[in-house]
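The same subunit A turns up in both complexes below, where it pairs with subunit B and then with subunit C.
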Partner chain A sequence: MLFTAKTRSIAIAALLLAPGSTLLAETPEERGLAIAIEGDKRDQGYVDSTANMKMILRNRAGKESTRNVRIKSLEVTGDGDKSLSIFDEPADVKGTTSLTWSHSEKPDEQWLYLPALKRVKRISSKNKSGPFMGSEFAFEDIGSQEVDKYTYKYLRDEDFESAKTFVMERYPTDKNSGYTKQVVWIEQDRYIALKLEFYDRKGSLLKTLVSSDFQQYLDKFWRPSTLEMTNHQSGKSTTLVFSDYQFQTGLKSSDFSKNALKKQ
Partner chain B sequence: MNSLKPSLLLCAAGLLVAGHSHALDWRGNVSSEFTYFPKSSVGTNNWKFNSSIAADVELTHDLTDAIRLTVHPFIRWDQQDDERSRAGVREFLLSTSGDTWEFNAGLGTVFWGITESRNPVDIINQTDSIEDIAGDEKLGQLMLNFKWFSNYGDFEAFLLPQHHKRTFNGADGRPFAGITVNPDLTSYESKQGSTHTDIALRWAHSFDAWDVGLHYFDGTARSPVLTPQVTATTAELAPRYPLITQIGLDAQGLYGDLAIKTELIHQTGNEIRSHAEAVTGLEYTLVGFLSPLQENDKLPQDWCTPDTRNIFKILACNDRLDLGIVLEYLWDERGQQSAHPFQNDLLAGLRFAFNDASSSDALLGIVQDLDGGATTLSLETSTRIFESYRLKLLGRQFLNTGEDSSLSTIKNESFLQLELSYFF
Partner chain C sequence: MLEKYMYWLVKLRWFAILITIVTVGLLGSGGRLLSFTTDYEVFFGDSNPQLTTFQDLQEVYTKNDNALIMLSPADGAVFTTETLQAIAELTEEAWNTPYSSRVDSLSNFQYTYAEEDDLTVEDLINDPASLSDDELKKLKEIALAQPLLVNRLLSPAADVTGINITFELPTENANEVPFEIMEHIDQMLLDIKTRYPNISTAKTGVVAMNKAFPESTFKDAKTLIPAAFAIILIGFMVLTRSLWGTVGALIVMLMSIMAAMGTAGWMGIILTPPSASAPTLILTLAVADCVHFLITFFQQMRSGKEKNQAIRESVRLNFSPIFLTSLTTAIGFLSMNFSDSPPFHDLGTITAIGVVYAFVLSIFFLPALMSVLPVKVPANRKAESGLMNMLANLSIKYYRALLVVVGVLIVGLIAMVPSNELNDEFVKYFDDSLEFRQDTDLIGEKLTGMYFIDYSIDAKLASGINSPDYLQQLESFEYWLQSQPEVIHVNALSETFRRLNKNMHGDDSDFYKLPNDKELAAQYLLLYEMSLPFGLDLNNQINFDKSATRLTATLQNLPTKDVLAFEDKVQAWMSNNTPSLETAGSSPTIMFSHISKRNISSMLAGTTIALVLISLILMISLRSFKYGLLSLIPNLVPAGMAFGIWAIFNGQVGLSVSVVVAMTLGIVVDDTIHFLSKYLRARREQGLNTEDAIRYAFNTVGEALFITTVILTAGFMILAQSSFAINADMGLMTAITICLALFIDFFFLPPLLIWLDKRQSKSAEPSGTPHPVN
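After this line comes the complex of A and B, so read on.
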C-alpha cells in the first residue's frame, strides 16, 4: 500500500514514443519519469502483502497517542492496487475497516465499514488532502503511489546519508491535492524513496518524510520499517512503524470486495 | 423488564473461558450517562436528574474457518426508569460464506438506511426506542438470511419467524409523552400473534456514482398503532401490530464532496391506510473549509504560529476542520394522521469534523415541522480522552410542540446528557 506503485502501459508507451527519448537528449522531465517508471517496475510482482502498522502521533509538547492498524494490499495488473486497513486501536474505533480501490485513470473508490452501525458506507475519495486518522499523513500520502498521479522533473544527483540518490521534483496531477510540489530523494541502487519534502498550496515547505530501516522481502521488494513525518508549520509529527510484513499470502480479489468488509 | 436468556449468556461465557484454536475477538464499552432536564415534566415523574450505567460487548469467534459466531449481550441499569433497566442479547448469529454467497442464522441486525434524520427503509429490526430517542438503536431480529452476490447486484432473502415488540419509556421515563404505552396490552392482526413468519427480499447494486437498493417486505409491522385504553383508574396506550406489505427504495449518489440520499417506502395493509413515506436530501462537505483564509493571506501573519494561545485565532487557523451541510426533507402522505411526527418536516444540520488526534466531532441540527408544528434543536459533540475513553455531550430542545399532534404531549421538554464511555 505505502509507496508501492504500478505502471500503466500508456505511460511507458508515451516515454518510448516521445521524440528524442534517447539517453543523451533526455530532458529533465523525461529523466524524472524514467526514474519513476523504473522504481515502479522494481516493485511489480509482489502479488499481495499484509503488515501491522503502529502509528504514533506526537504533538508539539511531545504528548503521544497511538493507533494500531492492520494493512492488506492486493496488486492489480493494469490498474491501481486495492487495500484494506483494519483499525484495532484506539478502542472506540476498533473494527472500523476501510477499503480503497485506487485507479490510475479515474478517481479512487473508497468504502468504510462502521462495526457499531453494521454499515458499509461509500465515502468520497476527493478529500485527498485531509489528515488520515488525525495524523500528519494526508490520505494522498498513504495511498497507492501510481506513476500517473504525478508529473516529474529530475534535478540532480546527490549524496544523502552516505547513499547516492537521484533528487527530483514531482507535481500532483490531481487538482484536489494539498500540494503544489514534492521533492523526492531516490536511492540509486535500490530505487527506493529515502526522503520526501511536501510543499503546500502556497508553495511553502509543509512536511518532511524520512523512511528508514528498509528490509528486503522475497529477495526483491524493499519496504521501510519506519516512516517519520514532520510538519514544519505545526510542530507536530507522526511515526509509522511497520512489522510482520508478509508477501504472497494467498489473498484473493474477493477479500477486497465491499461484501468482505465486515468479515475482516 | 426483559429477562436475560440464560442459555445465550452461558454460551457467551463459555466462549470466553473455553480453550480455542480459533480467534476470539471482541469490541465493547462500559458507559455512564448523566441526564439533566431543567424543567418539570407533565407527568408525575418530576425528577430532573437521571443517571444510568450500561455495558455492551460484541464477541466474534471463528468456530471453524468457514463458520463465525457473533454474540452481542448488553445490560443497562437506569436510576429512574425501570423499563430501561434490563439486559438482553442484540445478536446471536451464525454466519458462513463463500466468494459469492453468505448465509446467516440467528439473532441479527440489518441496516439499509442511508439518510441522517430517519430511516423508513429499515424494516427488518425493531427499534429500541427506550435506548436511544433518535431510533438508531435496534433490537436483534431472529432470522434466516441468504445473500447472493452477482454481476447484476446483491440479492438477499430473509425469513423472520419472530416479532419483537417495540420498547417504550416507562411511566418514570423522560422525555415523558403524558401517557405510557403498556406492552401487556399488545395485540396482533395476525392469528399467529408474534410468531407470524415475515419475509423480506432485497436487491442492491452500484452504478458508477449511485448505490441503489430495492426491497419488499410482507409481515407484521415494526411500528405499532397506538390506541388509548381508559379505565376508571388508568389511561394507557395499547400497541397493535398490523400486517403490512411494504416496498421501498434507497439510493445514494456520490459526486465528489456532494452526497445525494433518498429513502422511499409504500405500505399497504388491511388495518392501515395505504401510504407513502420519504426522506430525501443531501450532504455537502466543505473539506478544510477555513484553509483558504490562510492560503489567500486573509489572516494576519502572526495568528497561525504554533505558539498562538488565543482560542479564536487557533480556530481560524484550523485548516483541518471539515464542515458538512446536511439538508433533508421528511414526508408522510398521511399528513397529521402519521404514526410519527415527521409528516412534512425539514432537517438542516451542520456537521463539524475536527480531524484532530482525539477525533473530535460536533453535529448541530434543527428539525422544523413545516405545518406550523414543533421545532427540535439538537447538539451532539464528542471527543476521545485518555486513549480509550470517549466523552459525549448531547442536548435537545423541543419548542412549539403544542401545534404538533404527535409531539404535543412532550411540551417544551429539553435535556442535556453527558456520557462517558470506556472502550475495550
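After this line comes the complex of A and C, so read on.
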C-alpha cells in the first residue's frame, strides 16, 4: 500500500547489498545515532522548499475542521533550518505568519506576525509543545528534526507494512519537551520515518504519527504527502496533506527574517 | 401432592441436604465474578437526557474526570518559599499520575504579561527557592488578581491552594482505575508530608468520589452484614427459643445470600452501593420464611406430634402462604427494574432472586435439615398468646374509636407527604465517616465547591467564538453569573480575551476589555495557543473548530431544589438577554438534580404494575374480589404514612425513596396475606363470626407477624446505618413502613372488617354463608 512496486524492489535490492555494513560492534546508542545522522545526511542539499499544507482536524465524534497553511523552508548548513508558515484559513487568521529558526544546540526561536495588529511577536522559547493551531501536532512535532535535538537508542529491525525498518527510541534533550520518549520506525533503504510514537511525561503512549504517500523530488528527497496523527488519550486526530512541493525556488535568508514577516 | 412431596422429602432428607449444598455451591461460585463499579455515571440509564447532554459536552471538550488536592500550610500562608516549593514539586509529580492529561496549579498557571513589545506566557512560579520576600509579596498580589485562580485554585485569603489533575480515563479495567490513581496520589501526598510536615492535604474530585463508592460498600460489608446477622440471630434465638431452629435459619440465610450473589455474578452484574445492600435485604427476608415454617413446626410438636409429622404438617400449612408472600415480595423487588437508575434494577433483581432461593430453601432444605437435627420442643409461651388475645379484644372492643383515631392519623400523615422535598446532593450520599466526605466538605469550606454547571456556548459557526458579538454576550453572561449569590467562581473564555487584550497593549489596564475585532481576537488566540506549554492548552475550553466555548460556573453546596431554581433563573436570563447563546446547563450536579423526579415517574409505572399483580394474586388466593380490594388499604397506607412521618422528622427525600413504595409493597403485603387468609379460613371453614375470626387470626398468625416484623425492622434498621445515604434512607423508610404495616394490620384492618360487616348486615342479607374450602 505504502510503496509502489518499484520502491519495493529497490528495498529488496538495498537489503541484498546492505549486510555487513551495519553489523560492526557498536552500542545501541551509537547505532541509533548513526541511523539519525545517515537520515539527516540523505536530506542535505535540498536548499529550500515550499508546499501547501492542509490540516484536517477531527474530534472524538469524527467531525472535521480544515485549516490551510503555506510552508516555506530554508536549509541552513551548520545549524537548524528556518521556516515560515503562512496561514490562509480560517479567514480570521489569514495572513498570520510564523517564523521559526531551528537550532541544533540552543532552543529554537519563533515569531508570529499578526496582521490585525500589524506587529511581530516573539513566542516564548520554552513553550513549543502546545498544540499547533488546535491540532494534535505540537510545534515540536512539525519543526525541523535536527540530529542534536535527541539522543538515540537502536532497538531492533522490524517489518512495518511490508517495509524493512529500523526501530529506535529517541529522547528529547530539551527539558521543555512534552515527551519523555519517541519510538521511530525508519525505513531502511530510504531512511525516512514511517511511524513515530510519542510518549508523555508519565511514559504513556500519547500519540502515533504515520507518514505515507512518499514522493521523491529532484530524484533525491522523499517527502510524505500525508501525515496522520492520532491522539490515543483524547481520541482526536489530525491529518496533514501536503501538495504542490517545490524545491530550490530561490528563497533567500532575508526572506526568513523578522522584517520579512510583515511582507508576507 | 404436598403430602407425597413431604413424604419423600423426609425419607430422602440426606439426599435433599446434599443436593442443596451442591447447587448452592455451584450458584455461589459465581460470586468470584462480581466486581464493584467505580463510576458515578452508573446511576443514570443510557437514555437519561441529562447524562447524554453531559456526555456530548465531554465529547466536545476534555472530560471532567478530575482529582483536586488542597494544600493547607500550618501558618496559613501559601506565599512562602516552602509552600511554593511544595506546590511546584507536587505539580511536577502530579504529571506522573496514571491517566492524567492535565495538571493545573498555582505554580504552572500560565501567567501572561507584556515584556517590551512581546507577549510573555510563562509559569507563574519559577524556581520558588530563590524568591525574596518582596518577590513573594508581588507574586501574591499577581495571583490574587487572577480571576481564573481565586476561588478555584487559591482561596481569597491565600491560606490554602489547590492542584487539579484532569484525567482521560480508559474504558478497559475501568473499575480498577480510580484505585490505581488514588493510590498514586496518596503516595505522592505522603511524600510531600514527609518533606513538608507543616502542610496538610485533602483531596476530592470525581475520581476520588468514584473510589468512595466501593469504599463505602466495603465499609458497610464489614460492619453491617455481620451486625445484621448478629442482631437477627439473637432476635431469632430470643423469640423462638430454639438453638437448632436458629442454626437452621442461619444456614438458610447464608445459602440464600451466597446463591443470590453468585447468580448475580453469573449474570455479569456489577455491584453498586445500592445493589451491594442486597445481602442485608435477602438475609432479612429469608428469616421471615424460616420463622413461619419453624413457628408452626414447634406449635405442632408442642401439641404432641412426632417430629417428622410436625415437619410435614408445617410444610403443608405454610407452603402456600410462604409461596405467596415470596411471590409478592419478588414482584415488588422486580418492579424496581422500572427505575430510571440502573443500580436499582440490580438491587431489585438480586433481591428477588434471593427471595425465590429463600423460599425454595425454607420448604425444601430447612424441613430436611430439621429432620436430621436433634430439635427439642422449645418451652411454651402462653404469655404471648395471651397478649395476642388481648390485642384482638382491644381491636374488637374499641373498633369505632380505632377506626376514627387511626383513620385520622392515616389521613393526617398522608396529607404531609407533599411537604417532602426532593434532594440529591450527591456528596452527601456519603456520610462523614468516609474520608471522601470529610475532605470534600473541608475543601468546599476553604477553597472551592464540588458542584458545578457547564454551559457549552455555541457560536454556531466555525471560528465564531472570535466574533465581538459572541464575546460580548459571553462576557455579559459571565458577569451576570458572577453576581449571583449561588456562584463561587466562573471560568469563561471572555476573561482570557480581556487579559490578552491588556497584555497586547503593554499591560495597560484601560485595555482590560474584549478585543472589538474578529481578526484581532482570532490572532490573539492563535498567538496565545502557540505560547502554551504541553498539556495546558485550551482544548478544555474551546471546541476543535472554534465554534463553541465551555463556561463553567462553580456553585456553593446547594440542595437540589435550589440547583433547579438556579438553572431556571439562568435559562430565563439567557432567553431575555442572550437568546442566541441559549443552552442547557450540564453537569453531574444537574444530572443528580433530576434523578429523583425521573425515578419517581419511572417507578410510578413499576409500582402500579406491581400493585395490580399483587392485588390480583391476593384476590385469587383469598378467592374474593372484595377482600382483594380491601387489602389495598393495609398494603398501600403504610408507605403513605411512612412518607408523612418522614416529612415531619426529615423532610428531605432522595433517589432511594422512589423505590421504597414498590419494595415495601411486596413485603407488607405478606402481613395482609397471612392475616386475611387466617381470618377467611376461620369464617369459611369454621363458620366463625367476624369477631371470632379476628381472634382466630390474631391467635394463629399474630405472633408470627409480630416476630417477622421485629426481625425485618431490625434488619432494615441495620441497613439504615449504612455509610451510603441512599441505602440508609431506604433502610429507615422501609423499617418505618413495615412497623406501620403491622400497626395497620392489628388496629385498623380488624376494625375495618367489623365495620364493613356491620354495614353489610344492616343493608343486606347476611353474606356469612361459609364457603367450603380444601
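Worth pointing out:
The rule is simple: the second predicted complex is superposed on the first by the 241 of 264 C-alpha atoms of A that agree within 3 Å, B and C clash if a C-alpha of one lies under 4 Å from a C-alpha of the other, contacts with A are read in each partner's own complex, and residues count from 1 in each chain.
As a working rule, a residue touches a chain if its C-beta (ideal position, glycine included) is under 8 Å from a C-beta of that chain, and two chains touch if they have at least 3 such contacts.
Note that this is a predicted model, so its numbers are computed, not measured.
After superposition on subunit A, the partners subunit B and subunit C collide with one another.
Judged by the touch definition given at the top, the superposed model places A:Asp92 against both subunit B and subunit C.
In the superposition on chain A, A:Lys118 makes contact with subunit B only, while subunit C stays out of contact range. With both structures placed on the common chain, the touch criterion links A:Asn259 to subunit B but leaves subunit C unconnected. Once the two complexes are overlaid on the shared chain, A:Pro172 sits clear of subunit B and of subunit C alike. Contacts of A:Arg60 after superposition: both subunit B and subunit C are touched. Once the two complexes are laid over each other on the shared chain, residue contacts for A:Gly39 go to neither subunit B nor subunit C. Look at A:Gly134: by the touch rule set out above, it reaches both subunit B and subunit C.
Aligning on the C-alpha atoms of chain A brings subunit B into conflict with subunit C at a single listed stretch, 291-299, out of 57-65, 291-299 or 399-407. On subunit A, the patch touched by subunit B and the patch touched by subunit C overlap at residues 57, 59-60, 65, 90-94, 115, 117, 119, 122-124, 126-127, 129-131, 133-134, 200-202, 233-234.
Residues 57-61, 63, 65, 87, 90-94, 96, 98, 110, 112, 114-117, 119, 121-124, 126-127, 129-134, 138-139, 176-178, 200-202, 204, 233-234, 236 of subunit A are the ones touching subunit C in the complex. Within the complex formed with subunit A, the residues of subunit B that make contact are 27, 29, 58, 68, 97, 99-100, 102, 109-111, 136, 147, 149, 154, 206, 211, 252, 254, 256-257, 259, 285, 287-288, 294-295, 304, 306, 320, 322, 355-359, 384, 387-390, 421, 423-424. Residue ranges of subunit A in contact with subunit B, taken from their complex: 57, 59-60, 65-66, 89-95, 115, 117-119, 122-124, 126-127, 129-131, 133-135, 200-202, 233-235, 252, 254, 257-259, 263. Of all residues in subunit C, only 59-60, 62, 95-101, 117-122, 168, 462-463, 466, 504, 517-524, 526-527, 529-539, 542-546 touch subunit A in the complex they form.
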